[in-house]
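What follows is a pair of complexes built around subunit A, which joins subunit B in one and subunit C in the other.
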Partner chain A sequence: MRKLVVLGASLLALGLGWDASAQSTIKIGVLMPLTGNAASAGNSSKIAVELGAEIVNNAHPELAPLPLAATAGLPGLGGAKIELVIADHQGNPSVGQSQTLRLITQEQVIAITGSYHSSVTLTTSATAERYGIPFVNGESVAANLTERGFKTFFRVTPLASDFAKNYMDFMADLGKAGHPVKTLALVFENTEYGTSVADTVRTYAKERGLNLVSDIAYSANTTDVSSQVLQLKDKKPDAVIFISYTSDAILYVKTMKALDYLPPVMIADNAGFSDHSFITSSASLAQGLMNRSAWSIGKPGSVTYKVNEMFKAKTGRDLDDPSGRAMQGFLVLAEALNRAGSTKPDAILKALSETNLGPDQVMMGYKGVKFDAKGQNTLAATYLIQMSGNKYVAVWPEKSAEKPIEWPYKGWK
Partner chain B sequence: MRWVWIALGAVFLAYPWVLAGPFYERMGALVLLAAISGSAWNLLGGYAGQASVGHAIFYGAGAYLPLLVFTQWGLPPIAGLPAGIAVSVLIALVIGIPTFRLLGHYFTMATVAVAELVRLVVSNWDLLGAAVGLSGPAVSRGWWDLSFRSSIPYYYIFLAVLAVVLLVTWQMERSRMGFYLRAIKAGDRAARSLGVPVRRYKLYALMLSAAFTSVAGSLYALMVGFVDPDSGLGILISIEMLIIAALGGAGTLFGPLLGAVILIPLQNATNSWFGGSGSGATYVIYGGIIMLIARYQPGGLMNAWHALQERRHRRAAAVEPRHAA
Partner chain C sequence: MVIVQVITGGLLLGAVYALFSSGLTLIWGMMNVVNFAHGDFVMIGMYVAFLIYTYLNGGPIEFVLASAVVLFVLGVWSYTGLVRHVMSGTLLSQMLATFGLALVLRYATFWIFSSNFRSLPEDLIGGTLNLGGILISMPKLVAGVVAIALTLGLHGLLTRTAIGSQLLAVSEDRNAAMLMGIRPDRMQALAWGLAGAGTGIAGALIATFYYISPSVGETLALVAFVVVALGGFGSVPGALIAGLLIGVIQELSAYLLGPVYKDVVVYALFVAVLWIRPQGLFGKF
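Showing the complex of A and B:
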C-alpha cells in the first residue's frame, strides 16, 4: 500500500513538473503543403518558419532591429519559447481543415500560421475562426480571404493590387527619368493566377491613363508562343507585363530571341520568372528584365543578408520570396504574442490588431506592418528587381536599390 | 444478416461517445462520407464490373450545386442537393449512352478523359468560380445552413445517408437487377446472349451510382464549405472511391464501408504522425499498406472474410457427419 502511495505521489509530482515545464513553451501550429503539388515550396516555407522560431527562441543580437531577435524567447511571457507543431495539408482544403482541428483540439496550439495555397487558407482559417484561434497568414494572395469579416484572420503579404500599384509607380518614375511609358501590353497565363493579376493590372492601368494595346491570354502548358510574340512585335508597346509560370516563361524569352523582339521595358510578375530553373536556364537571355520580389538579400552585413546566410546554412540555397513572406508572417505573430503577454486568444487578437511595425522591423521589403479592420496589412509593398548577370538585384524603389535601373531591356544582347 | 445490421448500427451510433474529441469526430464523419461515395461507386464498379475513374464528375456536381445556389441566390446550401442529383443523373445519361459501347479498359479510359475534360471546363467557368472555386457561408446564418462547428451533426447525417445507400444496395443485390449486373460483370456478351438488356441495365446502375455519388459530394460541400476544381473534380477523388471499394471488396455490400474504416483513419494517422516532418513518409506508408493488401488479398478484405467463413462452414460440415455417426 505504501509503495502505491509513493508511486502515486511521484507520478503526481512528475505530472505537476511536466505541467510547469509546459508553461514555458508556447505551441504555434504551422500548416504547409509538405507533400503534393506544392511540396517543394511548402518544405522551403517550413524551414523558413523554423528559422524564424530559432531567431525568436535564441538570442541573436546581430539581428537586433527585428523584434524578439536580440532576446531569447518571449520576454513578455517570462521568456517562454515557441514550439512549432507542423502539419501537412497536402494541398487539399479538406485535409487542411482536419489538420487545423487536430492542431487546435489535440495539440492545443494557441495560434496558427500558414497555409500557402489560397484555397486551403480559405478553409483552415474558417475552422480557426469557429474556434476563435488567431490565424496569421504570410503568403496567400487571393483577395477574398480578407473579405469574409473574420475576427481572427490577419494577412501580412501584399496582394495583386499592391503589385499592380507598384508597377504603375515604377513606370511613372521611368517617365520622370525621360523614358515615358504610354502604351502597355499584358501577357498572362489563363488560369486563376494569371487572370486575376491581369484583371487588377488592367484596372490600375486604366486609372493611370495607360493605353493597353495588347491583352494576350495563353495556356501555360503551351509549346509554342510565336504568334503571341509576333503580336507584340506588331503592336510595339512601350512596356510588356508577363504573368507566367516557369516553362512558359522560359519559352517566351527563347521565342523572343528567335524572333528578334525586344520591348523597351519588360516586367515579369514573379512566379515562373523567379523560379530557380528560369534563372539558371535563361538569365543570359533576359538581361534587364524587371521582376517583383518582397525579398532582397541586401548588402553584406545587413540584417536580411544575415538571415539569408542562416537559411543558406540549412538548405544550401538563398531564401526565396514566398518562403520569406511565410517567415515574416510567423515573426509578426510572435511579436504580437509577446506584446499580448498572454496566451488567451482575445489578448493575442487585440495585440495583433494593434500591431505597428516600421520598415526596419520587418525583414521583407514592406513599409511595415499595420492591419486594417479586415485584417489586411496596409503597409505591404514589394521591391522591383532587375536581372543583371545571372541574378536579380534590387533597383526600385530608389532607397532600397543596390544598383541603378538599366534601361532599355537588353534581353540576350 | 439482421444481426450484422444491428451490430454495425450500434457500433456506429456509439462511436462519437467512445472516441471523443473533435478530431476523432471529424474523422468518423470522413469515414462515413468515404463509405457513402465508395458504396455509390460500388453499384456500378463493383456489382456491374464497370470500373469508372470518372465518378469525380458526379461528386463535383453534388459539391458545386449547393455552393452555387448559396453564392448565386443566398439559398441554404442544402437546397442544391436535389439539383446536384438531377444534374448528375443527366450527366450520367449523356456520358453513359456513348461510353457503354466501350468494353473493359476502354470504358475506364473514356471515363478518365471525360472527367478531366469537365475539370478543365469548370476551371475556366466564371459562374462556378473558375480556378478559385466556390465558398459556402463563412459564418452560419442559422441552423438551415447546416454549418456546424462540431462534426457530430455531420456524423449522424452521414450515418443516416449511408444507411439508406446500403439498404438500397442490399435490396438491389437480391433483386432482378442485382442478378443482371452480376451477369454483366461475369461477361458482357454471355449476359446479352442470355437475354439480359445489358446496356439498359448498365445505364440504370450508372444513374443510381451517380445519384448517390452526387449526394456524397453535396455532404462534403456542406461540411467543408468550399470546393475548387481540384478538391471537387480532381482525378484523385475518383481514384479514392475505387481504392476504398477495391480494398474492402468491390461488389460486396459492406466492402466499401470496411475499406473506408481502414483507409481513412490510416490516411489521417499517417499524416498526423509523419506529415509534419515533411519527409513524405505519409504516402510511403499509406502506399505500402495498399500494396500489401493488393498483393495478398487482391479480391478485397471482404473476400478474405468470406473465404474464412466458408472454410469454417466446410470444417463444420466435415465434422458434423462424424457426430451423427
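Showing the complex of A and C:
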C-alpha cells in the first residue's frame, strides 16, 4: 500500500512538474444533444467527432492529405493524444451553459467544440468566451453567432446567408429551365437556428423580387403540424423552404401525405432533413426533396470515401452532412492546437486565427478554411442535393451534379 | 372549406389526445396518484408496436393487443413493485417515484434502441379518406373511434359492474372497502393494469401515424396532463371531451393566429377554466 502511495505521489509530482506542452493527453470538450428531440443527430455527430479524434490520435497514412492523419497524436505537442470529454445538453440552451461551465471548471478542457443547435451554441460559446476558452463550431449556422465580437469563437461551417443565396440562385436556375418560381413560403422552427435562416432567406427573397406568400414560425417540439400544411395548401406557393429539426421534419412529410399536399419545389435546410433517422424513416415520403450539403462520399479510394468507410464500420451507415461538419470543426481545432504547440488559450487562439487550409486538407466540400476577424470561415461552401430513392444525390450547381434535377417534388408518389 | 378541414383535423387530433389521456385519468381518479411515467408508458406502447411489426411481421390488430398486454403487466408491476411502497410516504415521494420510473423507462429505451427515430409504414391502417374534399386520416380516425370505445368501456366498467364498484369503493375509502371484504391492493393493481392496457392500445395506434423515439413521451405527456386536468380529475368522459376541445382549439388558433401562438391560447383557456372550475369541466369535488 505504501509503495502505491509513493508511486502515486511521484507520478503526481512528475505530472505537475511537466510543462503543459508535454502532457500525454489533452482534454477537449464536446457539447452535443445526446438525449431529447435532436438526440439522433447529436449522437451521430458525437460518433463523427470521436472518429476525428481517432484519426488524429493514431497514424492513418492512407488519409494523408488531412492534417494530423498520417502521424499519431499531435507532433507539435510532443505526440500528445486528444481526450474527448463529451457532455449532453439535451437541446436546452441553459443545460448547455451549465455543461460548458462544468467542462471548463471541473474537467479543465482546453478547448470546446459543438453544440449542434444554434440556440445552444449561443449560450455555450458565451460561457467559453467569459473564461477565455477557444470554441470551434462546425455546424451551427445562425448568422449572429459570429456577430457578437467574441475573441474565442471560430466557425467552420458556411452560414445562413450562404445558403439563402444558394437557394435563390437555384430557384433562378429552375426558372431558366422553364419552371419559374415566383411565390415562396417559409416554414421555420422558432429558435435561433430557424429564425436566423428565415431572416436571411426573407432578405434575399426580397432582393430577388420573390413574393413571400406564407411566413410560418412554429415550435419544433410540437405535437402536430397540420395547420401549417393546410396554410401552405391554401396559399399554393411555387416553392417552400423548411427549416426544421428531426421530429418536426418527420411530422411534416407524414402530414403532407395525410393532407395530400405537394408543393412544386420543396427545399429543406439541412438539420432535421439531413438526420440519418429522417432518411431511414421518411425517405419514401420525400422523393425529390431538395436539401443542402457540403458532404460528398466521393469516388472509391478518395480520402472522403475512406473516412466514410470508417464511419460506416462504426455505425453501419453513411456519414451525413451535419455530422461531417461537426467532425470537420473538430479537425480544424486539432490542427490549430498542433500548430500552437501549447495548451495556453492565447496560443491556440492565435493559431486558430492563422488557420489556412486548402481544399485538399478538408474532408467537407469547402474551398478550405481561413477565418475572418469575426471568426467566420470565409472559404466555406455548400451545394444542393436531392432525395432520390433512399439517399440524397448532388444535383446543383451543375458542375458538381451527379444526376440531373428532378422536377417537380414527388413526395410519396 | 379550409376551416372545416382545420376543425376536422382538430377533432381527429383531439381524439388522439383523449385516447392517450384516458389511462392517466383512471389512475388519477382511482388513487389520487399522478403517474408522471404516463408519457413513457405511451412511448413503450409505440416500441412494442414497432417490435411486433418489424420482427414478428404482426399487423395492427396483433401489435395493439400485444401492446395492451405488455402495458397491463407493466402497469400492475408499477403498482406492486413501486407505487404500493411509496403510497405511505409523503406526496412528494409519490410524485418523485413515478417521475423516477419515467426517467428509467426513457433512458433504458435510449440505451436499448438508441436515439434513432423510427416509424411504421404509412399505410398500415388505410390511408386518407376523402369526404367531399375534406381529408380524414384513417389511422387518426381509428384512434378516435377506439378512444370513444375505450372511454365508454372504462366508464361502463366503473359505473355498471361489480369490479367497478369495488374499484370506486377502494378509491373512496380504503379502510371501509377492506371491511367489506374487498382487497384494496388487488383492486389498485387492477386499476394500474387497466390504465396501462389503455395506454398500450393508445401508444400502438399512435405509432401508426407518428414518429417513434425514446423522448416522444415527453412531448405527449404535457398534453395528457392538461387534458386530464381540464376534463376533471378522474372523469373518464371528461378526458374525452377535454381532448376534443383542446385539439380543435389548438388547430384553429394555429391556423388563424399562427402555430407559435396555439399553446398560448390553449394554456390561457386552461388556466381560465381552472380558475372558474378548479375541479375541471366534469370533475366532482
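The criterion applied here is as follows: the second predicted complex is superposed on the first by the 233 of 413 C-alpha atoms of A that agree within 3 Å, B and C clash if a C-alpha of one lies under 4 Å from a C-alpha of the other, contacts with A are read in each partner's own complex, and residues count from 1 in each chain.
By our rule, a contact is a pair of C-beta atoms (placed from the backbone, for glycine too) under 8 Å apart; a residue touches a chain by one contact, two chains touch by 3 or more.
Since this is a predicted model, take the numbers as computed values, not measurements.
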Touching partner for A:S323 - first (subunit B), second (subunit C), both, neither: neither
First (subunit B), second (subunit C), both or neither touched by A:Y218: second
Touched partner set for A:A39, first subunit B, second subunit C, both or neither: both
Touched partner set for A:Q228, first subunit B, second subunit C, both or neither: second
First (subunit B), second (subunit C), both or neither touched by A:N190: both
First (subunit B), second (subunit C), both or neither touched by A:T200: neither
First, second, both or neither for A:N291, with subunit B first and subunit C second: neither
Shared subunit A surface residues [contacts with subunit B and with subunit C]: 34-35, 39, 42-43, 190
Subunit B partner contacts - residues on subunit A that touch it in the complex: 32, 34-35, 39, 42-43, 46, 85-88, 90-95, 97-99, 101-102, 104-106, 118-119, 122-123, 126, 129-131, 142, 144, 148-150, 190-193, 195-196
Subunit A-facing residues of subunit C, complex: 2, 5-6, 9, 13, 107, 110, 114-119, 122, 128, 130, 135, 137, 140, 209-211, 213-216, 218-220, 223, 250-251, 254-255, 258-260, 262-263
Subunit C-facing residues of subunit A, complex: 34-37, 39-40, 42-43, 190, 216-219, 221-228, 230-231, 233-234, 246-247, 250-251, 254, 257-260, 275-278, 280-282, 285, 412
Touch list for subunit B against partner subunit A, complex: 21-23, 26-27, 30, 123-124, 130-133, 135, 138-139, 149, 151, 220, 224-226, 228, 230-231, 268, 271-272, 275-278, 280, 282-283
